[in-house]
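Next come two complexes, and both contain chain A; in the first it sits with chain B, in the second with chain C.
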Partner chain A sequence: MNNLFKKIERRSASIYSQKDKFWLIVWFGILSLTLIWNILFLNKPALDLVIEGFLNTLYISALVVILSFILGWIIGLFVARFETSRFQILYFVLTFILNIIRSIPQIIGILLGYMGITYLITANILHNHWLIMTTMALIISLFIFNEVIDLIRERVNHFRKLDFYNAMKVCGISENRIINFDILWKNSRIHILNKLIAIFGSAIFLQCTIDFIISVGLSTQVSSVSLPTTLGSLLAKIDSKQDILAIGNTLMNPSYFSHIFFEHLQGVTVAFLIVFTLLAVYKISNGFAERNRL
Partner chain B sequence: MNNTGLSIHINDGLRTLAHIDNFSFTMNKITFLFGESGIGKSMISKAVYGLLDPNELQIKINDKDYQNYLDLPVTRQIKQNGFFVFQEPSSHLNTLLKIEDQLNEGAIDQHLDEKTILQTLWDTTDDDTIKKIIGIYPRPYRPSGGEKQRILLAMAFKKINLMLQPSGSSSFSLFVFDEPTGSLDNHFRNLFLQLLFDKFSRKQFTSLFITHDYSIISRIMNHHQNMIDAIDFKELARSDSGKVTLNFFSPEQYLSWLKRIQKIPGRTDGIESPKSEVLRIHKHFRIYNREYSIYSDAGCNHSTDLIIHRGEMVYLKAGSGVGKTTMAKILMGLQPAEQVEFEIAGIKISEQSGPGVWKKSIWGKKMGMVFQHADEALNLETTVKESLDGLKNKKLRGEFLKSKLEELFEDKIDDEFLSKKVKYLSGGQKQRLNLVRTLALDVDLIILDEPLNGLDFISIQKTLDWLQEKQRAGKAFLIISHNEEIFENLIDSNRTYFLNFQ
Partner chain C sequence: MTFKKKILEHLLSAFLITSLLGTLLYFTIEKKNIEKIQSNEKIESYLGLSFIDFENPFDRALLLDVLNAYEPDQTSEHETLIRTIEQYRKSSLIAGMEEAYRKEPLSSKKWQQLSLMYAKFILIYMFVMLLTYYGVQTFGILRFVRRQQNQKSHLLCFLQQLFSAPKFSRIKDYLKYYLQAILHLIKAVIIASSYFVLFAPAYVIAYSLKTQLNTDTIFFMITLAVISNGLLITYTNKFYTFLVAESRKGYVQTAIVKNLNTSYKQTDKSGISYASVFSFRKHFPMHVFQHIFLNARYQYLQTIKEQASFLISGLIIIEMALNIQGHFSYELLKQLLYKNYDIVIVIILGIFYMVKLTEIFTDWLTHKKSLKYENIEPVCAK
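Right, the complex of A and B next:
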């Protein structure tokens, strides 16, 4: 028995020292407790909405990560190759386009993208639930993937200055292999993974912000009701707004505090899920960087 | 410490960095310590000197915590009375302080015959030359690597002079020189040795001299016979258990091998035809607004084209920092020149040639190059197998790959070795992998920039045998190396060229 306790203690200490793993466990743990609490005390329709909103938000954010990664890697490679090629014009054209995208504030860019989605929905071109979410993810990715390109360019340019890049080149090893395998896969995947964790957090934040804004009204025909439910749109619902106001009420009337967790669960849960998930992703990202000495 | 083996175990929490059971050196003697790079010479010496941080590394000396060793009176004396000349002089010098001020810091803040030391190390009687060097703040390339190294040596000699004074401390002192001649050409290296032995003759002290330069042995045997009794030659070697052992190194072993080296005639048929030419470099070229020339004589009087035929080994000599590696990089298309003309296996190249020429026709096809620092030339994060996977030679797979590696590695190559990360290889193994990667290519000419870097004596012999075998098979080599003694024995003097600029 003693040995078992010691083993558990050692294991716990080891996980606690690896902050990214620790926060991942904390995130899952708290989410599970929140779910159990909501199953016990939240009405069924509201519970279904919260679960759907949370899963949709995670789905879109995960897709943003994947799309940003693919777009960033592919375009990053083109930039890196054009940078040293004879066709400098291609390099300038590509970086010019990327800089134009970069110059648009993310929220404005995504809002404009959502206007496009609104148009496609009203024109009855886009009506599949999953396709709408994928398009939403694609639009968010377009305004985030520059971060992946910047990282890839930085890593490639750093390694190009080192002898191993030239030493491999003069052995006839193809530049594609040197960049993709030796520089990015073997020497930068931890950096890229860390960037993707940060992008996951940014995607949740942007999504919730935009969904909250558009829920106020983007079109007379299309409203947040026409778009898939997300945590952002759920937060903008009148029920949730009242729940959030109830939190404010407890400041003046502390005895009301206990009611919040039973009678205002939808809004409180949605707000908590957004804030706590962002905090957990932030902690995971920092812990990951610390553990890998980035 | 005298004749008593120290057991030293250094671990960084993940793996053992150095583990030796019998590290020792004799008091009042100079111990020359050889061994392949990465075996732990510097780290062990730093541990003995008391320079490692017990909070960063897990260190045991004679099975006791390092802090106990640091608290010993003898360790304190070592630090107080001795000096440690670091391998990388830039890391020792403070960029925010003028060199002349750094030469007078701490215990060496007295005159201590500084002027004579500096003049000896720079082989000059001109004060202005010295003032120009020490009157500045150190920067990455200013002063040069060789000059920075001599500045550190000057500090060490001032500390030695302090000990030599009648009022000097009589307690134990240790002077460690970690690769002190790595950036010095033979002339300045010899001046340094002379000064070191002169000081030692006045009063014996204990010194540890870490080096890869085996030609120091010849220098001592030929010019400092009187010192032989005061010198030990030792070599660190890795045992099968992974531990490092310290063995006596016999100077005769090196000297007799040197005599046995046989040169391979340049051309087997004795006829040099333009067809057999793999490289011809025009005798003059220009880089960084400097006019460079290639000469056939050491006095740099007769400029000539540098020509290499199939099956030839050609030696390119020049002082430190003159531009040998730069020239190699120009040949490989890695650096532009303002004016240059050369022909590689029938392909004419000039300063006008675009980078596509090398990519399309030369790299991995006509010519290859082995870079001087294996640590920087290899991708440390890949496995041994992955580091050879991208080569054009598609035959380099499975058993054939193993047999190619076995040509240069002493052990049987198995799958475990192939899947080992390059960063976990010893310095010597990395250098051999660096060589194998380029020599496995089916090319006409290979440029070898310091091919013996980081190798121990056995590996040096094996590498040179291997290179000669390749030479016999028709490969041509252009050698750039500081190991003048070895390559002068290996390559005909008429196949030696000299590089200089005006």
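Right, the complex of A and C next:
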């Protein structure tokens, strides 16, 4: 028994020292506890909505990560190749366009993209929920993928300065293979993975924010009915907003604190899921960078 | 890329976007004017007859009789026409009332209003930028100093004190010991809560405080922009990472050998005092940290462009999500809703110029510092 305790203690200490794994476990653990609490105390329709909103948010954010990765890798590759090729004009055109996208605040670009989605929905061109969510993810990734390109360019430029790059070229290995396999896959995949974790957090933040803004500010028939439920749109609902107001109420009236976990569960859960997920993803990303000494 | 080339690229992109949005603005205004003219021409020609009062049923009946007398084989069409004119008058009256409320031309008065909102937006942005610039460095240094002092997390201290309590002979000692443990717990709870606040999107904090505070004030907006949306914590962490990376470099060891101060205790005379950490112009004379700080700050300067873009997004989020009337981004949201696309284009152009100016300023600053520290052009990711 004593040995078992020691084993558990050693294992716990090892997990605690690897902050990314520790926070991943904490995230899952707290999410499970929140789910159990909600099953016990939240009414069924509201619980279904919260679960649907959370899963949709995760789905869109995961899709943003995948799309940003694909777009970033492909365009980053073109930029890296054009930079040293004789097609310098293509390099300047590409970086010029990328810099223009960078100069548009993400939130404005995504908001305009969402306006396009609502137009497509009203014109009955876009009606499948999965397709709508995929389009939402594509729009968000268009304003995030620049981060992947920056990383790829930074890594390629770093390795280009080293001897092995020229040595491989002299050996007749194609530049595509050197960049894709030797630089990005063999020597940078941990950096890319770390960037993708950070992008996952940004995607959740941007998506919740834009859904909240659309639901509060542009509460047209389309946005309230046809857009898929996400944590952001759930938070904008009047009952959720009242639940959030109750949190402020406890500051002046601390005895009300116990009520918010029973009577205002929907809004509090949604707000908690957003904030805690953002915090956990940040901690995981930091822990991952620390563990791999990035 | 050289500094001149960078500036040229910024100016070129500003010119391109201005031309693109300017053309779009021209066509939007033209389209608005054409829409006004192209309302139902046939009905408008009847409504233009000055001797007929369409409010009067007698006049309407008279027009129907005249039309029937003129074209006797089209009586049913004439009746439909009179009904259509009636419906058109009603709907155009309602639409007119709605449009008077929603449709706004890009008049000189509107330009004036937008300019005022823009000036306010820029002022708030500059103020928040200054505060975050200070906050990022201050909190980054505090965290670094804590690390150098080998301070453990308060939660760990609490757990350690709880599970490895020594045996005391007096109750007073027990009380003192557990009071210290509880103090650690309270500090841990405060830090955890502040993490939640720092990561919370601005609208979550604002809505939770809406009943207790006036959330429409500029002061509240600035505070919210600094602490929420993960801005402060993200860049504090970035700055802290730069400090840690710099502290591992070889020149730090050389500086220690050359007898520079290395103590990070606040109580030491040669240590890092709170006054120098919290001062706006941070200076740590004769301390090895001075060099770590300067080099880390130089790297941090290169990320300001990214931070500024993040901050502008944050400000837009706050103004839009809180529906703060009379602010630039709320105006953008409102005009999008009312489909006044000419005003939307002007607002987007304004925000784009601000981002571009920040980028130019940051490039200039980095260039200036690189001349001072490296004597060469810095290599940027962009």
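Here, the second predicted complex is superposed on the first by the 289 of 294 C-alpha atoms of A that agree within 3 Å, B and C clash if a C-alpha of one lies under 4 Å from a C-alpha of the other, contacts with A are read in each partner's own complex, and residues count from 1 in each chain.
Just so we're on the same page, contacts are C-beta pairs under 8 Å (C-beta built on N, C-alpha and C of every residue); 3 or more make two chains touch, one makes a residue touch a chain.
Treat the numbers as computed from the prediction; the structure is a model and nothing was measured.
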Item to check | Partners on chain A (chain B, chain C) - clash or fit | outcome: fit
Next on the checklist: If we overlay the two complexes on their shared chain A, which of chain B and chain C does A:D163 touch? Say first, second, both or neither.
Outcome noted: first
Checklist entry - Given the touch rule stated above, what does A:P254 touch, chain B (first), chain C (second), both, or neither? => result neither
Checklist entry - So, A:L235: does it touch chain B (first), chain C (second), both, or neither? => result second
Next on the checklist: To the nearest 10 degrees, give me the chain B-chain A-chain C angle using C-alpha centres.
Outcome noted: 100
Next on the checklist: Between chain B and chain C, whom does A:P45 touch in the aligned arrangement: first, second, both, or neither?
Outcome noted: neither
Checklist entry - Looking at chain A, which partner touches more of its residues: chain C or chain B? => result C
Item to check | chain B versus chain C as contact partner of A:I178, first or second or both or neither | outcome: first
Checklist entry - Rounded to a whole Å, what is the shortest Cα gap between chain B and chain C in the overlaid structures? => result 6
Next on the checklist: So in the complex, the part of chain C that touches chain A is made up of which residues?
Outcome noted: 9, 12-13, 16-17, 195-196, 199-201, 203-204, 207-212, 229-230, 233-234, 237, 241, 309, 312-313, 316-317, 320-321, 323, 330, 332-334, 336-337, 348, 351-352, 355-356, 359, 379, 381-382
Item to check | Interface residues, chain A side, partner chain C - complex | outcome: 95-96, 99-100, 102-108, 111, 115, 150, 153-154, 157, 205, 208-209, 212-213, 216-218, 220, 235, 241, 244-245, 247-249, 251-252, 271, 274-276, 278-279, 282, 286, 289
Checklist entry - Within the complex, which stretch of chain B touches chain A? => result 329, 332, 334, 354-356, 358-359, 363-365, 367-371, 373, 376-379, 381-382, 386, 390-392, 434, 437-438, 441
Next on the checklist: If we count contacts the way the header does, which residues on chain A are in touch with chain B in the complex?
Outcome noted: 86, 162-164, 166-174, 177-178, 181-182, 186-187
